[in-house]
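So that you can tell them apart, the chains are marked A, B, C and D in the order they are listed, and the count of residues begins at 1 in each.
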Amino acid sequence: MASTKAFYAVIAGVGAGTGRSVALRFAKAYPVVLLARSPSSYTDIVAEIKQQGGEARGISTDTSDPAAVASAFETIKADFEQEKGLKLAAAVYNVGAGFAIKSFLEVSVSDLDASLAANARGLFNFAQATLPSLLEAVPSSPYPPSLLITGATASVRGSARFGTFAAGKFAVRALGQSLAREFGPRGVHVAHVVVDGVIDIPRTKGYTVNEGKEDGKINADAIAESYWHLHTQHRSSFTQELDLRPYVEKF
Amino acid sequence: MASTKAFYAVIAGVGAGTGRSVALRFAKAYPVVLLARSPSSYTDIVAEIKQQGGEARGISTDTSDPAAVASAFETIKADFEQEKGLKLAAAVYNVGAGFAIKSFLEVSVSDLDASLAANARGLFNFAQATLPSLLEAVPSSPYPPSLLITGATASVRGSARFGTFAAGKFAVRALGQSLAREFGPRGVHVAHVVVDGVIDIPRTKGYTVNEGKEDGKINADAIAESYWHLHTQHRSSFTQELDLRPYVEKF
Amino acid sequence: MASTKAFYAVIAGVGAGTGRSVALRFAKAYPVVLLARSPSSYTDIVAEIKQQGGEARGISTDTSDPAAVASAFETIKADFEQEKGLKLAAAVYNVGAGFAIKSFLEVSVSDLDASLAANARGLFNFAQATLPSLLEAVPSSPYPPSLLITGATASVRGSARFGTFAAGKFAVRALGQSLAREFGPRGVHVAHVVVDGVIDIPRTKGYTVNEGKEDGKINADAIAESYWHLHTQHRSSFTQELDLRPYVEKF
Amino acid sequence: MASTKAFYAVIAGVGAGTGRSVALRFAKAYPVVLLARSPSSYTDIVAEIKQQGGEARGISTDTSDPAAVASAFETIKADFEQEKGLKLAAAVYNVGAGFAIKSFLEVSVSDLDASLAANARGLFNFAQATLPSLLEAVPSSPYPPSLLITGATASVRGSARFGTFAAGKFAVRALGQSLAREFGPRGVHVAHVVVDGVIDIPRTKGYTVNEGKEDGKINADAIAESYWHLHTQHRSSFTQELDLRPYVEKF
């Protein structure tokens, strides 16, 4: 197997939970680029990765804005591809804004627009920016170049008062399936992960879920292990979709 | 059972196929309002309905534009509710723009935006405009007031080169499920119809589908019968989703 | 449209709920044959149909037993096809035994066998007995000859403590899909109905479901209207699956 | 993390493909018991495992027969639990008989029975024999004790001419979901794997699938890696279902 040294990874949507853990996990193998709207979301993670001997760079961008994404990837490609001569082994789309729990008659079209922009439009821009690089890495990458997408319960179920959020998440799943069917046969692994539960991060410390049972919230590092597994799957045995939920979660 | 005479219906997205047939079918029971972006889409149908003894009015509007929808429904409510004293028995969302079959690397974000706007944003605006009227009709309507939504194969499957269209259609299905779960218990029947096949309309005459077999394209009047059935279902036995496809369609 | 007079229907699994209502509904158009394990299940329904001017005959058979089914259909074909010259327009499989709610470690393999036999094996025998007659009716039937199958929540969801029942119901759905894909293109309409709720019959009078709300249990006559709608769908617009549930049901 | 040394695994349905690879993979961590109807299916695998320094024992049994399974597990528990003092960390159900591709009118009820017996009845017996041991291992097992079940395309889709096979596979999926919902909260990880493609084994060498492309058949060792990943998932992040298919497979 080829070394992972000549490759890099990019993770969009880093913060306290899945994004941070995925960044740390992939940074064990690759230099990683972290995308977030503001440096406050990635500065600490970049430091943490460097402290563990990894390589990381944060770039501020709004993935829902095509021009911003184009500009961010100009920088990324100049730095990681042209200068360092690396190829893109993995791209993870983990942006999750647009969450609103409201009765439908109280929600506004701007809530819907925010969900569609952060989820579907963001993935669209991110996929258009990364797929050419992923395709280029196909012949040499130690593992099949991967586009991994974070979904949620709302990706597969439109619950009452979650309509606008579900609209964005369903749309992301639609794009993911289409990309898997178009780029899978070209060697890029596109997978969608349905995260069905509350993630255990500082912001959710106060939430009581699953009757407060131990491990009733999802450990973000555990999610990251499944992303790494998806990335390392042999191309004869790709998973397109899997669910992740606490053992005590009702479903 | 109460008479249907004190009620009206509104159909958004009329043209040659499903919208026209649904309008004609519902016009047998109710005065109908037809929404389309331009009069050329509804003028003939309005005439046809009147010729058959029904009552119809066309209004030009772009359902993806909240202000346009608000203005159209001001007119509709003034005319049908305040003046004529009718209540809204059925609202059908049948807008289907945003269709593009392109390789993902050739599609533009404006294709995605067009699909999300026509499908998800349009349904959002339409549902916000009609649900208050539908709720008001619950106690007196002869059949449960209904919000019926037209879906497609792309509502449940993201095929290669159909990503942007599927994104819009998946989002519509998400909204439909959320609305069904929120408004079903309040007496409004929200149903989503997965139309899986090519509809037999003038524009598709030249297409050869299902090896050209007789009835290999969907008869739009047959679709309309299923919409009418959905509308007349007893509230103890609502269908949330059904599929419609030609007997010879592969699925 | 051809008259329905030269056709008959057969309903397997009649009792107090769906089977009785479907029999009464189809008896408005066709002479009907009612199958049940014992006469006590069909005697009153046969009388009720005759009283309403319809024609009905009950036959005792265990649909899970291939020999019993073969013998019952020998009688049916001799009487309705050879003697009366009728063709089979509709066959409804509504047998629903095998229901056990038990912790998996307390359920026995005979519970599983009972569910698989009543549901999957019964449908298998019934479909093998009726499909040749349904195929024969294709050229002349006023509506596409139909094989309609009753499913349940457990057809699409394996809940805790419902494993054996769900096994039987999932298997039925599998057969239904396979038959739809094989016989749809030959003109027979195979549809599967997911009944998601408690049916309002004498046996369930004491159950409090959906907080006791009016119409919180499914009206069996309403189910029957949807079966009739499925039967009368044009062949260019077949539904393969639909769900039916009370407006107040959580799903 | 506790050592894996005090634990064992059992794999039902070993032969040339998934079963063999899963056995070899789990044998890197645990002594393994291999179940198959005849020694010819496991003798070589037992030898191969021993050669690689692992521990394995084959036992002949027909999983569809409750008495045979009870007797096999008496032997297994006496040997591995009572004598060696091990606990059961993983149980894999990979039995896949009952495959028949036939027009429905040519298939016999014994084909259906064979599929239901090998798939659903076999899993039922195997789960009843292993779950008590898996539950006992919960407090001490290094990874959550796992019941892993092999599914197929036919687990989620009833294709024409695959009805009897799909009936068995759907029923297995139903049982798997029910067990996941009942035993997940008690700490046992129940997962179902939809293998969607042809496995690359000696028997399929002659098949041309996916236009003969390299890696167009599934590498069984790759499947085994995903089973191992499922087994090692943290209990806060269980996958209930995933699909596995070649990158070039149409879906």
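Annotations
Here is the rule we go by: contacts are C-beta pairs under 8 Å (C-beta built on N, C-alpha and C of every residue); 3 or more make two chains touch, one makes a residue touch a chain.
Remember, it's a predicted structure, so these values are computed and weren't measured experimentally.
By residue number, the contact pairs of C-D overlap by more than half with those of exactly one pair in A-B, A-D or B-C, and this pair is A-B. Per-chain CA centroids place subunit B at a distance of 31 Å from subunit C.
A straight line joining the Cα centres of subunit A and subunit B is 35 Å long.
Centroid to centroid, with C-alpha atoms defining each point, subunit B and subunit D lie 46 Å apart. Subunit A has residues 181 in contact with two or more other chains.
If you sketch which chains touch which, the chains form one closed loop in which each chain touches exactly two neighbours. Against subunit C, the residues of subunit D that register as touching in their complex are 66, 103-105, 109, 112-113, 116, 120-121, 124-125, 127-128, 131-132, 154, 157-164, 166-183. Across the interface of their complex, subunit B is touched by residues 144, 181, 184-185, 187, 189, 197, 200, 215-219, 221-223, 225-226, 229, 232-249, 251 of subunit C.
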